[in-house]
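Please find one structure pasted underneath; my questions will follow.
Chain lettering (A, B, C, D, E, F, G and H) follows the sequence in which the chains are written, and residue indices restart at 1 in each chain.
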Amino acid sequence: MNIEQKNVSPEHILFEAPRDKAFITGSEAVAEAVKRANIDMSIAYPITPQSESMHLIGDLYAQGYIKDYYRAENEFAVMAAVHGASLGGGRVFTATSGPGTLRAAEMFPVWAGSRQPIVCGFMCRGISLPPSIQPENIEMTFLLDSGMLMFHAENAQDFFDMILKGYAIAEKPDVHLPVGVFVDGFFTTHTREIVMLPPEDIRLSPYDPKCSPVPAFDMETPPMRVVRDPLLNKSNFISYAANASWHQEILAAAERSKKYINHYMNGLIEVDNPKAKILIAASGTAVAQSREAIRDLQAEGIDVGLIKVKSIRPFPEKEIQAATENAEIIIVPEFNAGGWLAREIKASLDHNSRVISAPRIFGGMPMPKELIVNEVKHAIKKRA
Amino acid sequence: MSNRIITPVKEFEDLLPQEYKDLVADGPFFAEKGVDDLGTFKEIMEQHPHCAGCGEALGMRLVLAGLPTPQDTLIIGTPGCSFFGLAQTALNYSNTAFGNQNAVASGLKRMLQIRYPDKHKDVVVMVGDGGIADIGLDYTLHSWFRKEKITTIMLDNEVYGNTGGQESGMSKEGKVLNMAPTGKKFPKIPVFELAKTSGCCYVAKVTIASPKKIGKVIRRAILIAREIGPTYVQLFTPCPTNLKFAPDQTLKVAKEAEKDYYPFEEFISDDAAAYLAKVEQAKGDGKS
Amino acid sequence: MISNIDIRMAGLGGQGVVTAAHILGTAVVSAGKHSAVNPFFGAEKRLAPAESYVRMADRPVYDRGEILYPDLIMIFAPEVITMGKSYTMPFYSGLKEKGLVMINSDEPILSEKEQAGLDKLGATLFYIPATKLAMEFAGTELATNMTMLGALCGLVDLVEIDTVIEAVAQRFSGKSKFVASGTTAVLDESIKSKYAKVSLLIEKNTTAITKAYEYTKKLNQSK
Amino acid sequence: MMGVRVAEDKCIGCKICIYACPEPNVIKLTDSKKVTIECIKCKSCLLCVSACPKKALTKDEA
Amino acid sequence: MNIEQKNVSPEHILFEAPRDKAFITGSEAVAEAVKRANIDMSIAYPITPQSESMHLIGDLYAQGYIKDYYRAENEFAVMAAVHGASLGGGRVFTATSGPGTLRAAEMFPVWAGSRQPIVCGFMCRGISLPPSIQPENIEMTFLLDSGMLMFHAENAQDFFDMILKGYAIAEKPDVHLPVGVFVDGFFTTHTREIVMLPPEDIRLSPYDPKCSPVPAFDMETPPMRVVRDPLLNKSNFISYAANASWHQEILAAAERSKKYINHYMNGLIEVDNPKAKILIAASGTAVAQSREAIRDLQAEGIDVGLIKVKSIRPFPEKEIQAATENAEIIIVPEFNAGGWLAREIKASLDHNSRVISAPRIFGGMPMPKELIVNEVKHAIKKRA
Amino acid sequence: MSNRIITPVKEFEDLLPQEYKDLVADGPFFAEKGVDDLGTFKEIMEQHPHCAGCGEALGMRLVLAGLPTPQDTLIIGTPGCSFFGLAQTALNYSNTAFGNQNAVASGLKRMLQIRYPDKHKDVVVMVGDGGIADIGLDYTLHSWFRKEKITTIMLDNEVYGNTGGQESGMSKEGKVLNMAPTGKKFPKIPVFELAKTSGCCYVAKVTIASPKKIGKVIRRAILIAREIGPTYVQLFTPCPTNLKFAPDQTLKVAKEAEKDYYPFEEFISDDAAAYLAKVEQAKGDGKS
Amino acid sequence: MISNIDIRMAGLGGQGVVTAAHILGTAVVSAGKHSAVNPFFGAEKRLAPAESYVRMADRPVYDRGEILYPDLIMIFAPEVITMGKSYTMPFYSGLKEKGLVMINSDEPILSEKEQAGLDKLGATLFYIPATKLAMEFAGTELATNMTMLGALCGLVDLVEIDTVIEAVAQRFSGKSKFVASGTTAVLDESIKSKYAKVSLLIEKNTTAITKAYEYTKKLNQSK
Amino acid sequence: MMGVRVAEDKCIGCKICIYACPEPNVIKLTDSKKVTIECIKCKSCLLCVSACPKKALTKDEA
């Protein structure tokens, strides 16, 4: 570590510290966030387009910013080891992509079930066959009920901020849930763009395992056996109820996280031009592409507003309901074949025939603004 | 764990369950206990739902008695019958996904080294044969390749006990079991040999018919894991229910296996042997 | 004949509560009625708590899972009550008003509190020396589930005892494998090892059932 | 149904039964070097009975 | 094999052959289906509550009904090996549950991507922590965008039929997609109930690998290299387009499957009492419990109808829209904490404030009919 | 595959691409070819996007030339650089999820045995070191334990080539790589030794600096897999791009490794040796 | 000075198209404008096709990914066109009307058909002997990306050449690791091995850029 | 930029270059036991050049 870092509050690092302009990739933004996150340990496994981030985090380890780091044998091992490390009472980070996410799928609900404030980056990409390493966020649909909080970053700036905010939110004693910060791989990881960074010489205060609803796994609390009978394998209503209430508490913790998301992320959604009758609702890179489309549409005199969905879990049902009160057309452009965001939005809105689930881009394609523009015009024509 | 943590505050002592008070008064936390002392101290495992005559339960009981420093021992488990007893044990015990134990233990051990650089926190993996040799083999071997300082203990009952008697990679060749309706087609997986090839510094094979050996082997495995590198103990713990013998035959089955194909074996790497000589001499150990 | 009834059977792993439920359900169905039978949803361990549930009706039975509000409770081992070897405590919780309880015991084992609980529900209680009858007529306590079944049929008019006996033969005839969760099948099958031949097993079980049936039939009449 | 009886006269306190019992905290050694059995936790597996070299243990049929 | 089996059409086995009453568990129903499915190979890995089914299938192998069978090293290996076997041009079956489903999650989209008519049973159970082996169908939410067809069986009868129907549908050349047949574990697998079975001496005709959109992997078709450049790792619009259209074709194949689902399964949904203003919409065991509740409600004079959703993928959007045209209240009881079925239904319906996502049962609990009855009454009261 | 299948119908011959016609006329499908014949027949791999000087590409080229019966050979791959060349090869090639290759191959081989009981369909796994020794180790070893009749070939470039130069379990100790910023902390995984312990009947280690040996070894491995059991070939195929040497140094690097730590080694089980003696004698093989 | 422009750079893996784009974007941003730069989204292999994309504007750039409709196309190696080593065929597809094309070649290489395609778009075409200039002034063909950049700045008024030179220094100063996909970074870094010292590398690159800049400046003026 | 030139007079047809080339179907042996190189597929890695014992191959600088 070539610089001495001062421990500061999330508020300081996020809201108060001055920021400087950097021209970096999303992968570098991840490393910049981790550098300031006071991580104890990180565990890596390569996969495109995540690898660069975890290389850089390896460098941070070599430089002394992180206390331990290694390459594991696969993603399931990574997520299991990160789980073990977090059990041990420290702050951890890791990241993966597409097939890696699915390879480790079983562990994410375990993190949530263990109430671990792990932050994980997901650099989304294609899965399945034919093989594709290109952008697609289909993997997010697999995690919607994993119990994790899920944030979707629009760009490198968001990615940087949401990782730090992720720890701030995840570690609140009344939240204590894992956070997945998702980006559209390549579009964000591999694009070099302007990112405003706070100084390098501050970092988050260390994680305090005592401020947790579940004690650290370190034999430093009285190790009573907890139950007369283990919860598992019992047709036992007490065990059923314990299990159910534990899961209910996970859902409740996600609800409680909303106040912190509002505080740190300035809302679960962000609305531009809320009075427009036509809205585009999107998350991730689709937001960026929508901004370009809206610029063109406004230039043509077509009034279109934007809902940027930042938090996918908890899902901003109420917020989107409020923001779409006057909307007549809601276009939902997405980078996946399933259309999961449109599904979520439709499920949140009464009168959801207003929702148009298009354009839906997958297979690695970019989403030219022209496509969105056309979709909007088409919708207007159809309505007229 | 410092003793202060478990010592009851006088004023509240009467509120605590008897079991807890027994553990403090007669358990192995304050005064060091071993397998030899069984029957004279409060064991840290209590009333578990294992089958009557379960070899695995006996094995775990003996292993737990052999822990050199239970107050700083963390057990990583995995689904399998062992869950039942270990969840009833007054130690930190974690059990998440099947087979992930050595990966979890790797992360945990390293984090505890960060958080407690001046203390030995013994991370002990204790799980079934299926968990280690089948679904978890990759994680097991890689923790050994990486030289993680953890002790891995296989409770080898030669079957998937918990799910109802299916073939495991550690089942004997020819054995007819669920999912092996015409008999197992390949021999027991040579995990003992793989451990030697894969970087374990101490490897031992023992059965529940030799309780004192278990005590000794566990102690060695854990001490070596503290300083030298990964260690592995393979413990034969037959399952009366699924291998279908009477519950009172468990020790007989173990004894016969010991004679037949499960002899006591021990492998110690040179650096581990040197270290062991040092600590056992210091402690007056190793004579038993 | 009673048509719609929900029965909870509680015992220890290896006592054959699942087999008993299976046999009863089979008998009911072969008598042309409807039934759905299931065990408790967990891994059985030898001598650990075990339960099973029988629903029977004269119209399709859709309901499944643990029976929360049984009409009838069968306790296969006193330890279920005396040592708390049960998933449901007190053992009669959920029992419907005027319900029926059968306990395998030679002598009263209920605490005053338990007895008061039953009284409040207006429940009828029978002690059945089922293990004793099993030892006597089948030569093994593993036939306790058979005597419990026989006793049930003697007490309550659910299904002809002959149909039950037929179901027993079917169960052990080996025509199809007995399928139950985890180790349950192994434990419930262990009675087979007690007899050299299946035919002997069926014969002994039949005797045990019949004797238990007669025992409670008498008991019932005498009440 | 469950439990094992100790014939105190036969027991020599060798503890072999203690090493044979799968249940923790069930068989204990008394100050007089005999064993006692806490039957409420015993599962009647009879491993102790088979293991005792002195035939000091028998199944409690009560 | 102690009986000689005759190869017959799915139509014969499903619609024409006489049926006999059996009193069996859901696990046995699986084996009865497999016995008549003319399976070439099956690969197993134990997990509660699936294991019994795969034991019985092992017995079928020992009896000669199946040509090869083994226990693999874990579920990912099972699904990969089944994939390999199916590549080889034969008919395969396997099954798993909860954590096993997640362990193998990556392979299901691969099956779909490879256009393999694999049928897999999912005996759903709890995942995550605290450990639970008990009923819960949360795992289905992880597979909604896996590309598989997904059928949800109400009981052992459905389970039996849907497996055979699954092959019939999956193997149609214009479908050729994997089919997941889901049941609520324990409730279906471990309940013994009446199942009507066709005779043992008939079975489906063997799988014909030639009637497939993708040739068998057996070096019996000319092995030209297919592309100048491999599709992967290319910023190549041809490759993007190929990938996207391949995935679109998977979605299209699912659409095309509807006609076969209608034919074999008598519709994607089944509606009882469609004119009722109050409807219960459910799938799986929740349907069975709803039937009990409706019986009680009708007895009290409350008119309630039922929509049984049999096909979860393709989702019967149009069908549910039509069936709910007059409904004022739509109760969706579910066995999972996420409420994925309610989400799907809400997303399908305009005016979805009619949809009530309750009761939602998890942690292993049963769903007493009383809970559903109360939910209905509560909804009526609120509306009044 | 019968030759009839690839023989062009006269009337349509002119519609076929030249490459296809070359394969039929000069390829290894009709007339048996080997490594010795390279340069005189049409190889089944064509123009691939591997880096200039790629050792793996060379390795695959040599392996493919050594296949005894390409017309009935099925290649199972996995993500990794090998994908690029193998996808450009006129054989059935499948590549799905990373590391699953030996599981896929197990299912495939068994199904082909069912469908073609009278024919040898050679199922050959050809993938990178990471795919075998790290993420796929469990599946690799279990296919060996189960005695699946498949040949596993590791293209060992001692790095994750395809994802940009990360540490692999097969990287050399001390090597600084991506994700190993302070150097690798443990030696190369002893897959060769594990293969011997785990049931492989034939195990060989060879480098691309010995092309004729590759031909011989591949032939042996595949023939033995047909009749006896699993076989494993570990092929050193250095990666100039990620090990950061000049593309024209690839063979020099291989030659030095051969001298230094990658000597030719061969292990043959007794039954495999007996079988081999029989077939090589019959064929007049094995003298080269 | 031109404000809003989208550039596509196409070359072979190892030629440094990603580095070139990086440097250009950095210069643009340090000149106070906006830019977003990305490579093609695939794994680069030495001498296989490689592309990168630079967007620049005087207002925020949100758009990202492959540029489908470039204003300007830079071809770093003739093989991109002559041997089809390209992901986009024909190489100018998507080029906007009146767009600009720069080809690294000493001599015309376009087929008639290609030339006609460009003519139809009203495109302007420049051949730049970039490799030759690189060999001459930096002593290695690995500096071709530098001469292409220099040439670009001479042809089009995008950003001051000094700002570009500063960006080069920043890129190679080693203060931060160069981050790019897969093997791209390794390949793009290989130029470093050509020089004993970073300072020499920067110096040589600066010369190469400047010379190429001057070369096209002249060319442009003469047109 | 790409390609290798063969000095026919030096080539003895030993095929070492053929075994050294990572590209399939690039170097071929002619009937006169010399090699020819299909330069359009050559990647100029120069492995053949380094491998040739007769120095019969050189990089084509054209």
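Heads up, the rule we're going with is that a residue touches a chain if its C-beta (ideal position, glycine included) is under 8 Å from a C-beta of that chain, and two chains touch if they have at least 3 such contacts.
Just so it is clear, the model here is predicted, and its values are computed rather than measured.
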Chain-contact steps, minimal, separating subunit H from subunit C: 3
Neighbouring chains common to subunit B and subunit H, by label: F
Pair joined by more contacting C-beta pairs (C-D or B-C): B-C
Intercentroid distance (Cα basis), subunit B paired with subunit A, Å: 39
Chain centre separation in whole Å, for subunit E relative to subunit C (CA means): 35
Rounded Å distance, subunit B centre to subunit D centre (Cα mean): 25
CA centroid of subunit B to CA centroid of subunit G, Å: 62
Junction residues of subunit G - those touching two or more other chains: 41-43, 46-47, 66, 181-182, 185
Multi-chain contact residues (two or more partners), subunit B: 46-47, 49-53, 83-84, 96-97, 134-135, 137-138, 142, 146, 162-164, 169, 185, 240, 247
Subunit E, residues touching no fewer than two other chains: 48, 51-52, 55, 59, 70, 73-74, 76, 99, 103, 106, 110, 114, 129, 131, 133-134, 231-233, 235, 237, 364
Parts of subunit H lying in touch with subunit F, wherever the complex brings them together: 15, 18-25, 27-29, 35, 41, 43-47, 49-51
In the complex, subunit H residues that touch subunit G: 1-2, 40, 43-44
Residue numbers on subunit F that touch subunit A, as the complex places them: 79, 83, 95-99, 134-135, 137, 160, 163-164, 166-167, 169, 178-182, 185
Complex contact set, residues of subunit E against subunit C: 21, 23-25, 27-28, 48-49, 51-52, 55-56, 59, 133-135, 155, 186-188, 190-194, 285, 288-289, 291-292, 364, 366-369
Touch list for subunit G against partner subunit F, complex: 13, 43, 45-48, 181-187
